[in-house]
C-alpha cells in the first residue's frame, strides 16, 4: 500500500472518528476540539489532493478563526460542563434511523461511480495558490466582488444584533 | 500515476454529511447543532475537491494545459467565505438569544408553534 | 251564421262581470253588483239561445272560430279557437241558463254578506261560468284544459269563500288538489295526443284517431278519464265533492248542476270518437261509473246533512252518467247531464231555501214539518225528488231509463247495479224529503219562530227549475213510447253519432216489464220511507254495524288518510329532516368540518421543535430519493 | 448588473446615512430614492442602457424575464418602503442599518434574477438569507423574534448544506457549474445527477416554503417583526420562485418528465397543508404565513409547467401576491393584536383602509378584476397547456376554494361583525398612508383589469 | 363621451355601473334611492327600446366587440339576442321593483346598499350579454361579490354563515367553470370568443368531463339537487331585495349558462348525458317539492319551491326538444316575475308582522284584502294555472319531457300536484283562517305596493294569455342552440 493511500485511510478514519466524537461528546468544548480535529483531517485530504490553497484556507479560516469564535462563544456562555440535557430516546432513534437510511441510499445510489482522483501532484497544479488566485481575480472576480456584499451584510447584521438597545424582554 | 477511486471520497463525504445530519437531529445545544451544520458543509467541500481533481484528471488525459477543476476549488473557497459570514451572524443570533433566556437549548424554542 | 262574430261574447261577458265586480267591489252598490253579476249571465244566455237556434237549423255545419295563436313555437301550435256544434250549444244553454238562475237566486241568498264580499262572490261566480264556457267552447284540448283548470280554481275560491273557517279552506284545498291529480292525467293525454297526432284540435285528433293503434287510443282515453275522475268526482277521486259543501249553497248548485262536475261528462262525450275505438277504456268508464254510483248511493242513505245527501246523490248520478258513457250511450249521458242539471239545481236551491229559512241549520234531524211554512220550496223540492227518483213523467225518468236500457244491452250486471242505485236514490231522497218537510218541527223555538218562505228572487228560480224538471225529459222520449220522439238524440247525432242498432234487441214487452218492476219498486220504497220518516221520527243508529260504516262514508277519507296522506307527509318529513338536513347538507357541512378538523390536527405537526421539522424534512428527502432513484 | 451594483452602493450609502443624520425620516427618504434609482436603472438596462460593462464570464446574464422580475421586485419594494417606512423607522434606533440590509438583499435578488451558474445561485441565496436572519431577529428584546431568527438561521443553514450537497453532486457528474452546461449533458439522468437534482429541489422547496419543507415558515413569519415578515413573505419569496423556475428550466428542462411527478407531489402537499392549516388560525399574521404557503403551492404550478404562460403568470403572481400581502402586512404592522377578532368592525372605523385591504384579500383569493385572478388564471392555464394533469389543477382550485374560507374570515370580521363586541384598536392611519393603500389597491385592480400591461414586456 | 354609448349592450353595462358608482357617493338615503332608481329605469328604458331593434338591420347596434387583452385572446364582446333580451329584460324589471320596495330607513348606509345593488345589476347584465368566455366568467364572479356583501352586511341573524356557504358553494362551482373554460380555450386557436368556443373540437372523451366541469358551476348556481343546500338558508337570510334578485334573476345564470354555453359547446356529451341528467333533475324536483310541503318558514318554502321550478326548467333544457327549450326561455322570464311577486308579498307580511313562520300567521286576508288578491293570483301563477304566465312555459317543458320519455313527464307531473299542495297550504295558513295575533293590526298595501304588484300581475296575465310575440323574439336563438344537435 502506497504511502498516500495509507495516509488517505488514516485521515479518513480520523475524520470520521472525530466527526462522531463531535456529535457524541457531551461537553461542548470537546465537541469544538473534535471538530477542529476533523478540519485538520480534511485539510490533510486537501493536501493529498494537491489542493494546498484550500488546505491552508481551511486551517486558517475554519480551524483557526471560526472554531475559535465558537470556542469563544461557548466559553462566554460558560458551557464547558456536561450540562446539556439529552433529547428524547425516540428522537435519537429516529435520527439514527433516518441518518442511516439516508447514508445507505446515497451510497447505494452512488456506489457504481467510475472515476478516479489522482494522487500524484505532478499533473495538477490547479490547487496551488498562484493558480487559484489568478483565476479568482480574473474569471471569478464578479462572484468575488459580489460575495463582498455578503460580508458587508454579515457585518452590518452582526452589528445590528450585537447592539444593545433596550433591556425589556418581551416574551 | 497513482489514483484513488472517487467512490472513496464520495463515501467519506456522505458519511461526514450524515454524521452532521444526525448531530443536528440529536443534539439540543444550538451551538453544537450549528457545528454539525459546519460539518455538513465540510463534507461537501471534500466532495467538491475530490470531484475537482477527478474532472481535472479526466481533462488532463486529453489536454495537458487544462484548468478543469479550478471552478470547484474556487467554489469551495466561496463556501468557506459564506460559512464564515454565516457563522458571524449565527453566533450573533445565538449570543443575543442567550442574553435573553440564558440558555441555548433548542427545545426551549417553542414559543412559536401551531 | 251570423252568430260567429259574437260567440266570443258568451264567455267574455261573464269575464267582464268578473273584472268589474272584482276590481270595483268597494265602489259598487249591492244592487249594481247583483245586476252586473246576473245581467252578464243573462246576456250570455240570450246569446247562447241564438247560437243554439243556429245549431238546430238543418244543414248546420260545425263552426270553428279561430282568434289567435296561444302558443306557436318549437313545432307546437295551439290556437285559441272556439267550436260551435250541437254539443257545445246544448252545454252553453245549460250552463248559462242554470247559471243565470243561480245568480238570480244568489242575489237574495247572499244578501247578508257585506258588499265587498258580496261582489267577490259574484265575481267568482262569473269567473266560474266563464271558465266553464271556455271549457265547452274550445275547439281543442288545450283550450278545454284552460277552462278545465279554471273551474278547478273557481271551485277552490268558492268552496273557501268563507275563508275565516279553516275547515272550509281545507275542503277548498282538497278540491283543488284532487282536481290537479286528475288534471295531470288530462295533461299527459294532451301530450300523448300531440305526439301521436301532432295536433290537439278535436277535428284533427278525431279524424286521425281511427288510424292510430288501439293501445294508444286506449292509453289516451284512460288518461283523459283520469282527468274526468277528478273533475267529475268518480272513484277514487270523489271525496272532494261532498266536502265542497263548505261553499255557499248556490255555489253547490252551480258546481253540481251547471259547471264543474259535468265537465268530465262533456269531455268524454266530446271525445266519444276515441272512446268508441277503445273498448277497454269504455269498460273502465262503465265500471268506475257504476261503482261510484252505488257507493255514493249507499253513503247517501245515512247522511243527515241536507247538503251532504244531495252531494252524494250527485256523485251517484254522475256515476250513472259515466255508466251511460261507458256503455256507449253518449246521448243518454248528455241527456242525464241536462235533466240532472235541472233537478239537482232545483234540489240544491231548494235546500238553500230551507237552510236560509232555518238560519244556516243543515242537519235534517233538526228539521221537520216545513211543508206549511215553506210551501213553494216544499212543492218544488218534491218535484225535484220525484224527478231524481225517476218517476214518470218527470225529467229524471226518461234520462235514467235510457241509461239503464243501454246498460242492460251491455251487461245485466251493470243494469242490476244501476237499478239498485235507482232504488236507493229514491230511498235517500225521500228520506230527506220526509225528514225535512213532514212531521213535527224538531228545531229550536227561535228557529221555528223565524221560519219564513224565501223572497221572490229565490223562489222564482225554484219555480222555473221545477218546471224544467217536469218537462225537461220530454225531449228524449224513448222509442218505447213513440218512435222518433227522441229529439235530443237526433239533435246530437252529428256529434255523438246515432245510437247503435243493438238498442232494438229487446222486445218492447221486456222493456215494459222491467220498467214496470223498477217503477213499482221505487214507489214502494217511497211509501216505505213515508212510513219510516213521514210522521214520527226516531233516532237512527249511526254508530254501529253497517249503518255506522255508511254514516262514516265507508271510512274512505280515513283510508286515504292512512294510506296516502300520512305516509306521504311522513316521507316529506323524512326528506326534509333527515335527507336534506342531515345527509345532503350534512355532507356539505361535513366537508367544511373535515377541513377544519384536519386543519386543527395538522397544526400539531407544527410543533415548534426544529428537530422534528428537520426530521420530517429528512424523511421526505429519503422518500424522494427512493422514489426518484428506485421507483422509476 | 445595474440593479446589483446600485443597490449595493445604496446599501453602503444607507450604512453611512445612519451616521450622517439622526433624522429617521431623512433616512427613509433616502431609502425610497434609492429604490427609485434602482428601479430606473434596472429599467434603463432593460431598455439597453447599462451603466456598467462587466464581463461576468457567463455567470450572470439577464433576459427579459429577469429584468421584468427585477422590476417587479423593485416596484413592490418601493411600495413596501412607502407603506412600511414608519415601522422600519420604529423597529430600531438606527433604521439605516435595516435599510442597508434590505438593500443588500435586493442586490442578492438581482443576482438571483440573472444567475447562470450554480455559484451565483448559491451566493445570491446566501446574500438574501443572511441579512434576513438578522432582520428576523431585529426585535432583539422580543423572545419570539429571537426564536424566529434562530430557527430561521438553523434551518436555513441546514438547507444550505443540502443545496451545496446537491450542487456538489451535480458538479461531480457534469463537471460544470453552468446551468446550460448541466443541461447539455443531462440526456440521461445518472443516480448522482438525480440526487443532486432532488437535493436542489428540496432546498429550493425549502426556500419557497413548499411542503414538507415549509415548517420554518409559520414560526419565522410569526416571530419576525411584522414589517419584515411582509418583506420576507413577498419579495424574498418571489426570488425563491424565480430561482426555482430558472434553475429547473435551464438546468433540468430536458428531463422535465423525470421530475414533474416529484414536484407535483410537493405542490399537492403544499396546497393541502397550506390551505388546510390556515383554516384554523386565529391570528391574521399566522394565517397569512400559512396562506403564503398555500400561494406558494399555486406558484409552484408555474415551476411545474415552465412554459411561456407559466413565466408570464409567475411574474404577474409576484406582483399580485406581493402588492396584496404588502398592503395587508403594512396595516397589520400597526396593530398590536393580530387576532382576527381584533379587526371586527374595522370597516366602519376605517373605510378606506378596509377597502384596500378588501381588494388585497380578494386578490389573494383570486376574484376576477383583481390581479390575483389573472395570476391564478395563468397558472391553471399553463398547467392545462402542459397537459395531462387535470387532477393537479383540480386540487389547486379546491385549495383556492378552501382559501376563501380564511381570507373571507378577515373580510367578515372587518365588514360584517359589529364593533360592539370587538376591540378595534384605535390605530391612527395618516392620510398619506391611506392614499398609498388606495394606490396599492389600484395597482391590484389595474393589473386585474389589464394584465397585458405587465405581460407586454415578456 | 357618447362614443361608448352608441350601442345597446354597452349602454346596458354602463348605465347600472355608472349608476352604482354614483350611488355610492350619495349622502342621503333619498338621493341614493333616487339615483339607483333613475339609472335602473334608464336601463329598463334602454332594454325596452331595444325590443324594437331586433331585426337584422340593427345587428350592429346589438353586438359589439372591443379588443381588451389581445395577448390572451379575449375581447370585451357583448350581444343582445333572444336569450339575452329575455334575461336582461327580466333583470331590468326585477331590480327597480326590488329597489322601490325597500322601505326607507330599513338599511344602514343606504348609499352602499343601493350602490351594491346596482353593481349586481351590472354584473348580471354582463353575464347575460357576454359572448366571450373570459368576460362571461368575470361577470359571473362579479355578480356574486356584491351579493355576498349585501347579504352579509344587511341580512338576517345567521347571515354571515348562510351567505358564506352560498359564496363558497358558488365559488367552487365557478372555479370548475374556469378550468373548463381554460381547457376549451386551449382547444381553440387562442381565442375566448364564443364562436371559437363553439367551433372548438374537444374529443368525445374530453367533452364528457368538460361537460361536467361546466355543469357543476351551473348546477350549483341554479341550483339543482343535490347542490341546493345553500339556497334555502341564503334566501332566508339575505335582505329581501337581494333575495328577489337572487331568486328572480341570479339563479337564471345557471340556466343561461346551460343554454348558451353548455349545450352548444358539448353536443356529444349533452346527448350522452341528457337523459340521466333529466332523470336526476326530475327526482330532485320531486324531492324539493316534498320538502317544501314541510317548511314552516315562508321564505324556505319559496326557496324549495324555486328549486323545484328551476329544476323543471333545467330538465326542459336537457330534453333538447325545441318546444321545451322555447318553454325554458319563457319560463325563465316568468319564473322571475312570479317569484319576485312571492318575495314581495312575503316581505310585506314580514315587514308588518315581524314574523315569517307560517304557523304564527293567519287571517291576513281579513285585514288586507287587496294584498290577498295579489297573493292568490301570484300563488296560482306559481302553480302554473292556465292563463297565468307559468302555464305556457311549463306546458311546453312538460311537452318536451314527454317527447323525451313519457314516464319522465308523468313523474315530473307529480310536482304539479305537490306544488299545488304546498302553495295552497301557505295561502291557506297565512291568508285564510282565524286572524293570528301577529296579524292583529295589519294594514293593507299602500299605493306604491299596489302599483308594483299590479305591474307583476299584468305581466303574469300578458305572458299567460298572449306569449306569441315573445316566441317570435327568441325563435332564432333557440334554433341556433339546437342546430348543434342536428348532425349528431
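By letter and in written order, the chains are A, B, C, D and E; residue numbering begins at 1 in each of them.
What we mean here is this: contacts are C-beta pairs under 8 Å (C-beta built on N, C-alpha and C of every residue); 3 or more make two chains touch, one makes a residue touch a chain.
As the structure is a computational prediction, the values presented were derived from the model and not from experiment.
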Graph separation of chain B and chain E (steps between touching chains): 2
Neighbouring chains common to chain A and chain E, by label: C, D
Two chains sharing the most contacts, counting C-beta pairs only: A-B
Chain nearest the global centroid, as defined over all protein CA atoms shown: E
Centroid-based (C-alpha) most distant chain relative to chain D: C
Far-end chain from chain E, centres as C-alpha averages: A
Separation of chain B from chain C, taking each centre as the mean of its C-alpha atoms, in whole Å: 98
Centre-of-Cα separation between chain D and chain B, whole angstrom: 27
Centre-to-centre distance between chain D and chain A (centres being mean Cα positions), rounded to whole Å: 31
For chain D paired with chain E, centre-to-centre distance based on mean C-alpha positions, whole Å: 42
Of all residues in chain E, the ones touching two or more other chains: 168
Sites on chain C at which at least two other chains make contact: 592, 603, 606, 608, 610-611, 614-615, 618, 621, 625, 629
Junction residues of chain D, two or more chains touched: 119, 123, 126, 130, 133-134, 137, 140-141, 143-144, 149, 151, 154, 158, 172, 191, 194-195, 218-219, 405
Chain-chain contacts as defined at top: A-B, A-C, A-D, B-C, B-D, C-D, C-E, D-E
Parts of chain B lying in touch with chain D, wherever the complex brings them together: 6, 10, 13, 17, 20, 24, 30, 33-34, 37, 40-41, 43-44, 47-48, 50-51, 54-55, 58-59, 68, 71-72, 74-75, 78-79, 82, 85-86, 89-90, 92-94, 96-97, 100-101, 106, 109, 111-113
Residue ranges of chain D in contact with chain B within the complex: 119, 122-123, 126, 130, 133-134, 137, 140-141, 143-144, 146-151, 153-154, 157-158, 160-161, 164-165, 167-169, 171-172, 175-177, 218-220, 222-223
List of chain A residues in touch with chain D within their complex: 106, 109-110, 112-113, 115, 139-140, 142-143, 146-147, 149-150, 152-154, 156-161, 163, 165-171
Chain C contact footprint on chain D (complex, rising order): 151, 154-155, 158, 162, 191, 194-195, 197-199, 201-202, 206, 212-213, 215-216, 218-219, 258-259, 261-262, 273, 276-280, 402, 405
Complex interface listing, chain A residues touching chain B: 2, 4-5, 8, 12, 15-16, 19-20, 22-23, 28, 31-32, 35, 38-39, 42, 45-46, 49-51, 53-54, 57-58, 61-62, 65-66, 69-70, 73-74, 76-77, 79, 84-87, 91-92, 94-96, 98-100, 102-103, 106-107, 110-111, 113-120, 123-124, 126-127, 131-132, 135-136, 140, 143, 147, 150-151, 153-155, 157-158, 161-162, 169, 171
